[in-house]
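Structure incoming, see below.
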Amino acid sequence: MEALRNKAKELLAAGAVKVVIGYGQGTGDSRRPVFVHSADKVTDLVFDKACTQNLATYLTKSEVRAMGRMAIVAVPSTLRSILQLAAEKQLREENVVALAMIDGVMKDLSTFDAIEETVATVPDAISEADQKVIDKLMAMSSSERRAFWADELGRCVKCYACRSSCPMCYCERCTMDCNRPQWIPVASHAIGNLEYHVVRAMHLAGRCVQCGTCGAACPVGIPVHLLTFFAEGTVRRQFGQKGGASAKLDYAMSTFKPDDKEQFIR
Amino acid sequence: MSRVGVFICHCGENIAGTVDVAAVAKAALDMPGVVHAVEYKYMCSDPGQTMLKDAIKEKKLDGVVVAACSPRMHEPTFRRTAEEGGINPFQCEMANLREHCSWVHEKAPATTAKAVDLVRLQVEKVKRNLPLNPIRVPITKKALVLGGGIAGIQAALDIANAGNPVLLVEQSPSIGGHMSQLSETFPTLDCSQCILTPRMVEVARHPNITLYTYSELEKLEGFIGNFKATIRRKARKIDEKICNGCGVCQQKCPVKKIPDQFNEGLSNRPAIFVPFPQAVPNKPVIDVENCTYFKTGKCKACEKLCPTKAIRFDQEDQIEVHDVGAVVLATGYKTMPVSNFPEYGYGKFKDVIDGMKFERLASASGPTGGAIKRPSDGKEPQHVVFIACAGSRDRAKGVPYCSKICCMYTAKHAMLYQHKVHGGTATVFYMDVRAAGKNYDEFVRRAVEEDGVKYVRGRVSRVYEDNGQLVVKGVDTLLGGEQVEIRADMVVLATAVQAQDNAEELAQTLHVSYDPYKFFAEAHPKLRPVETNTAGIFLAGACQAPRDIPETVAQASGAAVKVCGLFSQPTLTREPIIAVVDRQAPPVFSNCVGCFLCKSACPYQAIEEEAIKNRNGDVIKTVAKVNPGLCQGCGTCVSTCRTKAIDLQGYSNEQIFAELMSI
Amino acid sequence: MAEPFEPKLTAFVCNWCTYAGADLTGTSRIKYQSNVRVIRLPCTGRIDFMMVLKAFSRGSDGVIISGCHPNDCHYTSGNYHARRRWMVFRDLLDFVGVDLNRVTFSWVSAAEGAKWAELVNETTNRVRELGPYKEVQQLAAVGIE
Amino acid sequence: MSDKYIISESGVGSLIDAIGKSGRRVLGPKEVAERIEIAEIKNAAQLATKGQSIVSAKGTVFPKVERLMKYKYEGKNIVLDDVDPNAAPTVLFGVRPCEARAFHALDVVFNWDYKDKFFNARLANTTVVAIGCTEADASCFCTSVGSRPDDPQGSDILLSRLKSGGYLAEVNTDKGKALVALAKDVFQPLPGVADLVPAATVAPAFDAKVLEQKLAGKFDNPVWLEQSLRCLGCGACAFVCPTCVCFSIEDEADARRGERLRTWDSCGLRLFTLHASGHNPRDKQSQRWRQRVYHKFAYYPDRFKTLGCVGCGKCSRACPVDMNLKQHLAQAAEG
């Protein structure tokens, strides 16, 4: 953490960055995102186990970008988000420095190549807990799964905390907000909720970095991240491509191989 | 509120016999937005069409649904009729009551119910149709032909003879390509040069053809009718305008010992040279790697002795940009490098050569004046073994396909050998003899029956040397796979035909797709064999797949016709069924976020990047833009777009959503 | 006595292969069941997965999705892109408990008129067995006070 | 002046049963998988007597999605179907006083000029039985917005925990009396003074009056940008809030029929103020955050003589990035 603060101080003092996006003290013993603008404020930065939210979301936020070059305290998933955002032309190399925290060690990465190298060395399996639930679901019958999701999504109020907290949901106009036609109902009734979350998962397939921030953000505790994890999982399994591996565009859902293998098309 | 007219066709008994058309018309009248619904015996007949036109005028219709046969049959007809009636042709939709209903279902209420639904779908759709206008793209009526082999020559001549300017670009110093190296050609055995050189000369003096030899395409931008081609004209180090091709420079050049590519290294050439006597243009090139002046700064013999003072040591490459409307790819092929055949001792044994070398040996204008002399000692080989399928149909060599021409030229080689070396023996190892073609099989039979060439069906495992003589070890599968060993004085490999080394790079420059073997891909394997899937770029000859001369010439003429067809129109008119990226007033400008994930989804590279600038000219955002010249309207980008910023005219989100809302 | 259940099927097909194939079914007068309503699109690449969701939420009991065989796409690769989407989308539908027996994916070429008839009949029978897709159709009313 | 009774622990159960028998549905805070939801309560055991529900109870009078009307096509004619608010008689049992108080803030809006029949029908059929708070957390700030953990305002009956177990029941309204009538024997007379478990201590963080004055001069203050920089612009705060009234009207229709729905909406969402022209008067998150604060703490007092906030702190708990309203308001009230 000292290394982190020192690096942040150095960057800010030198004017190399205008803001450091990091974690700070929140209500009680929680953590919250903080934005440090001056070298004398770097003590606001903290880093510990509780710092899991993927802050990459802020890299595409106009108010934050307006400040100038950004440094961001990055957990592995944040690094992957940076690469995916770069691949989708939403982020330029010169605009961001990643202060990667990997196993408590701080690495400052100022090029996408450096981030790619680092990311390649970090395992990105999804948490056992999440895997358990997915396995449990897959062991169920189709109708049991439907019941499970009907119950979970029944609580959804379409507050879009999942969307807003997702680094890859940077679209100014989400499909949900397109009303000519209104493909997906705005109202948070059962069908509207189901369609919303299926669409979101489809849109993240091949782009999801499996950070789980959307699930953590849900105020009513719906495991929405499992849907995107699952779709991304299919992509990885079927096509060997994945979100956030490279700053060069390699989007599984807009490329193909003539010999993609499936068993269901008659 | 829309004013839709529904016109239900009986198609004689075809529809009316099964579907209760009166009921359909009645139901249609009840549909919101429908102000007029009638049934008639034959909508496509003159009275039928007149009926439609009149209704459009009288009922002030703004949309028309014709419930009849398949739109794949009569959509153009009724769209034209609608236009004549005074509405935009794309305000007309068809409900398929025949192929999709009356012909496939029994006469029953359910069938009529389906007919009503099919009408409703189209009514709901047509209410959301927008007037569309055909897209007109201007055409630069000048063709770029890449490659000066027989394919390029033929294409260039055909296009030029039709009165269109052509820019023919060839990377080597002379046009002519592989064909100019051949001795005779199958199945007629007429001399290659004799039939080719007149064409080469014709190209040179054709008023419509600009010939750029020793030049390469660097970049191709734009789209059908409107390409910008950037061409590098490599420095020959001589002034072509002044040089009269007298050849003094070649004689006086002190450097003499450079292997002559044209003769496949069987002879030598100087550092300043014309590739071959009949070269077009007949102007030399200085080979900078080997020129004494360029190596040591001394010599300049050619410059001193040139009668026209045409030598230009300081000449630089020149870059030129040309506007062209169409491109013909005729970049040809290469044969598999013989270094790939250690088992046949190539490189180790001088007298194991490939087909091209043999062509030069057999050529009257070749290093031996047409006498078959083996490279090692210049002796006349008494026994020659020809190995067909050297590399072809061989997965291990990465060439699973058949090179197509080898069977024929191997037969030709064996035949020529027998003609030139009386009493000599020619043995051919082969897998199959594929001689499908006019007079082809007859030709092979002649080699066997009249010229006594021995055909052994089997593979050669290796070629080795046994006290100074080559031994070819193989099997004869017709003799029950028995081992055969043949002592030969010379071995000729019919090496596989492969794509040029730079094919992939070139394909990417041109945005055309290519197959796993780097041959350029045709737009459709059966129906569009001379087009690429990039509109305006066509294919001729062996750059698309192994081909012999007749096929190449035929395909080249085919490509030429496609180009002429394109050029025959004043402007290029295309159906407006294309994708468009949403544009709005500031501050939104477009719903596109500029992620460009659609780019790789487009089969036609039709999606471009457009920088939206403010008044001061600084970029506000970069968004996608569909090039109407390239888009073919498949809509793959539309379903890729997360923000629904791309839509497909004629199959818009609103239209399809409306259809779905009425199922 | 109550009407026997007749399923509603919605088909999303490409213009160049399957729609033409279905036309051939007609010209060859091959009979099939009349439960299907065809939505004609230029290419399977145009099929947005949201269309399938809508088809179900708007009362379809089954869905057919069909286009050109690999390599035959009129637009060279639209169907390859579509295939990838289907692979992911189908898995996801299964994950959220949509009954995959109600969705048929197929390649039907312009020459396969008989296959189209077979496909429609087979799917119609299967979905008739399964009965109306209440589970999803009822959702439309759930959650509204 | 309210009548006071004693209810024993078991009395609570009997009361719930009695209410159920009377044909009213009982909703209340219920623990489901470590979350407290407002859900149907079948018996006293299901009642979560501590902690706060995540989503407020406002859904009982202002559901997250409600149908306003339906229509269908008969031929070309459109047949309208005016739906009735299905206002089932409901007792909201065991909610916190802050939630009870919140109904007033909703009432002033839904009866401001137009009288909303859906809201009023539901409110009229809803009786609120609150339980005073003996615990609070770092997000609570009722004491800063003119209330307290044992505030009876808005409760038809307020229950306060007795040291000896059971509750003191303060019956404040006729709706409350109606409940008493359902189970007379449950409500025992009060023996002298009730020995109550002390109410939770919630230290005041700011003075709402001062805040209101400060806001008047703070509209263009950089504090809003500074505070909202981490705000994601989602609607979590508004959708859990007991007093947020923003809604959207959505028409859902196909070629044959359609319905008009009213759904929760949030001024925190970018689209909330987006004009068809593309212009957005509140384009920046800081503007939307400011709007949220001003709406509740400046415009409400000005227009309705009441605050648009009850200090329940649900928004702070629900926020994915820990926007702690209490803290931010305190900061705004300073300097």
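Letters A, B, C and D name the chains as they come in the text, with residue numbers starting at 1 for each one.
Definition applied: a residue touches a chain if its C-beta (ideal position, glycine included) is under 8 Å from a C-beta of that chain, and two chains touch if they have at least 3 such contacts.
The shown structure was predicted, so the numbers you read here are calculated from the model rather than taken from an experiment.
Undergrad: Tell me, please, which chain's centre (mean of its C-alpha atoms) is farthest from the centre of subunit C?
TA: D
Undergrad: Which of the two pairs, A-B or B-C, is linked by more C-beta contacts?
TA: B-C is joined by more C-beta pairs in contact.
Undergrad: Please compute the C-alpha centroid of subunit A, do the same for subunit B, then give the distance between them in whole Å.
TA: The mean C-alpha positions of subunit A and subunit B differ by 44 Å.
Undergrad: Go ahead and note the Å separation of the Cα centroids belonging to subunit B and subunit C.
TA: Centre separation, subunit B to subunit C: 36 Å.
Undergrad: From the C-alpha centre of subunit B to that of subunit D, how far is it in Å?
TA: From the centre of subunit B to the centre of subunit D is 70 Å.
Undergrad: Any idea how many Å lie between the Cα centroids of subunit C and subunit D?
TA: Roughly 46 Å, centre to centre.
Undergrad: Give the residues of subunit A that touch two or more other chains, as numbers and ranges in rising order.
TA: Correct list: 175, 183, 187-189, 253-255.
Undergrad: Quick check: what residues of subunit C touch more than one other chain, meaning two or more?
TA: Residue numbers touching two or more other chains: 49, 54, 58, 71, 77, 81, 85, 143-144.
Undergrad: Which residue numbers or ranges of subunit B touch two or more of the other chains?
TA: Expected reply: 588, 601, 640, 653, 657-658, 661.
Undergrad: Based on the touch definition given at the start, go ahead and assign the chain network to line, ring, star, complete or other.
TA: complete
Undergrad: Using the touch definition up top, name the residues of subunit C that touch subunit D in the complex.
TA: 58, 143-145
Undergrad: For a test of understanding, state which residues of subunit D touch subunit A in their complex under the given definition.
TA: 33-35, 37, 54-55, 64-65, 137-139, 225, 228-230, 232-236, 238-240, 248, 250, 252, 261, 263-264, 266, 269, 271, 284-286, 316, 318-322, 324, 327
Undergrad: Write out the stretch or stretches of subunit C touching subunit B in their complex.
TA: Going through subunit C, the ones touching subunit B are 6, 8, 10, 15, 19-20, 22-23, 25-27, 29-34, 37-43, 45-49, 51, 54-55, 58-60, 71, 74-78, 81-82, 85, 117.
Undergrad: Sort out for me which residues of subunit A touch subunit D in the complex.
TA: Residues 26-28, 30-35, 53, 57-58, 61-64, 155, 157-161, 163-165, 177, 182, 185-189, 213, 216-217, 219-221 of subunit A touch subunit D in their complex.
Undergrad: Under the stated contact criterion, what part of subunit B meets subunit D in this complex?
TA: Against subunit D, subunit B makes touches at 30-32, 120, 124, 584-588, 658, 661-662.
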